[in-house]
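Next up: some structures, all given as structure tokens.
Here subunit A shows up in two complexes: once beside subunit B, once beside subunit C.
The block that comes next holds the complex of A and B.
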């Protein structure tokens, strides 16, 4: 289903990206860390959102739990960073399983609405936990060396994308896509939808939480407002949908492009950046509702007419 | 005419419904219906539109729960068994309102059946694709293997529904109007396919408006009218029953 060249290109891009800390400046590396972590978040969101079609606004909760799990393990228990990441990931995965089993019974928009509530609830809980620094937050030990964080973020994105690559060609992925295409038909054909949806959410939580943990150690500070941030979840959705949900490379490409666009806009026109960013998103969704990946396939088939066909088909 | 001998009374029962009833906000769609299916039998199910045939299939498949009564499959009560586990037990169905996976190719659509059907399905993708290819060819969709499901026309969609259910390797196959919209030649082809399926040991419940097909396929025919079973038995006798003619055949002729 996927040709050879996207894989070859992806490997080349990964090799070039791995070299950035050697030939890039500090600004490039810092921008890179953020962009790589955001791409990982978009790719993680893709596992559930792109493949099963369930729109989660709970991923920022997993991010926050990864952040806090790492921070609490390192500051209160003096555990090494690696153990902190594992603690954060395990807590986030448990949360995903516990929350997923009841609310993944809800279909479509009802699931999305239910996940929206989680974020506020979790922020409130953490704000009242002395061990998590209540509403003040936690300061992590300082570690210098952006290059290490950069390479870690890149490695995480690579592993997350390899996981999605495996999903896209496996029996497991067939179940997820069948659920997205028609959950009732999938069930009648023997797909245990609850099992697959919950495991997809748990996988999604795993990578999201590790991204949170890396960001926590890198920024050396966590507080409830930035750890449990719904706008971060909205960015995951936008980046994934912009790039092409349910594809292997779409979410990564989409988030790289949007990160770059945002960076350029923010440096050129600062205050109006968010407005323009919003405009870019609206145009992208109007012209390519199925993402960049579909745009490329569609453009190859029908050229510029593809854009107008989308508008017609979506009755905009 | 009935080349297949009537099912002997001692034939093993594979599925049984005992007084099952389904109500939708006061409207009774299926009213205390009891029947049983012998292993490897073909039961034709007919009745006018709105008689409750699809509702009955939905209850056997598990997408709807009966309000009253019991459903038994191979002697076990399955009222509370979810649809996917019924698929694992060996129950497969087609949907009258077809439910292809539109974003998947024909091959992938059918492979889902092979991957997750009876006993939890095939674990290897390659093996599942092989099984899928066989059933796609069997149902006459061989030329459309890699087409997207939403690019298929009506009759091909019916064949796809059929192939998806077959790839599950079912013991009991519920066919809900798979011949609707097919022309005479296609109906005859479908009748032959169904006979071949039965020859492999599958039990079938066939809902169909095409009386000619019901006549040539069924060992027994059951008639539903306003949710009630009004007749059941030998096809020739049932189709000649005045109540059936009035409720169903008569209506269709006007």
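The block that comes next holds the complex of A and C.
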């Protein structure tokens, strides 16, 4: 399916990105940490959303559980950061399995609505847990060293993308795509759809939670409102869909571009940035509804006409 | 044409929730046969197929190769060689023809999958030409061929085909009937569910006629085609 050059290019980009803390300034590194973590979130969302077509708004719950798991383990039990990440990831994966088994039986919009409710429920629970600092939140021990967080975030994104690369070329991934294309038919070919969907959600929760844990230690503070934030989940969806859902590099490219666009807008016109950011997304949906990766393939095939054919085909 | 009994159904009852649909069905399919099940809309044909595939609960006798099917899950029944070509094709539209065929062999663990590809490409040469094309972009006839090929990739012992001719041009249906005979020659037994009685009688050895959840006629196709009631109800020709 995929040629050799995207892989070579991706390795080169990863090497260049790994060098940023040595030759970039502090602003670039801090922007990089955010962008890399967001790209990881979009890529994790891609595992379920892109391959099986199940639109989850529950991924921000896994993110929140990752931040709180890490924070509680480090502040109350004085455990090292690495153990905290594992605690957060295990809690999030358990939650994904427990929640996934009942609600992955719902399809389409019903599944999306069911996951949407999870954020509020989880924020309410955490706000009332003394061990999680109730509604005030937790302060983590301070560690200076943006470069370490940067390299951690980059490593996580690389591992997550390698996982998606494996999925896209495996029997497992083909079953996920078959579920997206026609779940009943996949079932009648002997694919245990529930098992595949739940494992995809659990895998998605793993990377999402680790990204949350890294962000918690870096920002040294967690509170219920920012940990279980639906708008963060919406950003995952937008970045993944903008780049190309169900592809290996689409979500990463999509989130890098959107992070950069937002950063430029925020520094140039500050107050109206969100407005223009919305405009960029509307234009993207109109002209390249299947994402940037489809835009590249389509432009090679039919040039600029590709953009206008999308308008016609999607009756916009 | 009288091999071992592959599928034995006796006194089978099934339905949806509290609504019974099948009221004691008796059917028997022997090795190497093409048996057709005809009947109008709402007779319960698709319900019967769903019961055989273990998608809906049922009670009565349901045996496949002399082993009871009723306790099995749909996946386990599939693994035993009971494979369905669903009504309306249900192809994976966004996947290529080749990927669709691969999905048919998804549960197989043996090494002979490559030979199965050769076998179905020999039966359906058009699919070999189109193997890199998206299944959703093909014509209805080609899609039906792809659905049948996908089912064959699972190495079925009994192929259950639901409404093969639905929405297809007569010339395409004739081609499919020829291929159905070739499939039988490969040692696959076929249970064909059809509304198009002409097409079904053209290819089948024996037929069952179903009305409101019961089998009302059965016998060799040649005999049934001469049956006055069948002619009147399904072939639309008097005397």
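In this section, the second predicted complex is superposed on the first by the 316 of 316 C-alpha atoms of A that agree within 3 Å, B and C clash if a C-alpha of one lies under 4 Å from a C-alpha of the other, contacts with A are read in each partner's own complex, and residues count from 1 in each chain.
By definition in this document, a residue touches a chain if its C-beta (ideal position, glycine included) is under 8 Å from a C-beta of that chain, and two chains touch if they have at least 3 such contacts.
Source: prediction; values computed, not measured.
Engineer: Overlay done on subunit A, so just call it for subunit B and subunit C: clash or fit.
Structural biologist: clash
Engineer: Between subunit B (first) and subunit C (second), which, if any, makes contact with A:26: first, second, both or neither?
Structural biologist: neither
Engineer: Determine, under the contact definition given at the top, whether A:169 touches first (subunit B), second (subunit C), both, or neither.
Structural biologist: Only subunit B is touched by A:169; subunit C is not.
Engineer: Under the stated touch criterion, which partner chain does A:177 make contact with: subunit B (first), subunit C (second), both, or neither?
Structural biologist: The answer is both, since A:177 touches subunit B and subunit C.
Engineer: In the superposed arrangement, does A:186 touch subunit B (first), subunit C (second), both or neither?
Structural biologist: A:186: touches subunit B and subunit C.
Engineer: For subunit A, which residues lie in the overlap of the subunit B contacts and the subunit C contacts?
Structural biologist: Of subunit A, residues 171, 174-175, 177-178, 180-182, 184-192 contact subunit B in one complex and subunit C in the other.
Engineer: Which residues of subunit A touch subunit C once you look at their complex with the stated criterion?
Structural biologist: The touching residues are 171, 174-175, 177-178, 180-182, 184-192.
Engineer: Which residues of subunit C touch subunit A in their complex?
Structural biologist: It comes out as residues 53, 74-75, 78-79, 84, 86, 90-95, 99, 102-104, 106-107, 150, 154.
Engineer: Report the residues of subunit B in contact with subunit A in the complex, numbered from low to high.
Structural biologist: 61-63, 82-85, 87-88, 92-93, 95, 99-104, 108, 111-113, 115-118, 120-121, 123, 125, 128, 164-165, 168
Engineer: Show which residues of subunit A lie in contact with subunit B when the two form their complex.
Structural biologist: 169-171, 174-175, 177-178, 180-182, 184-193
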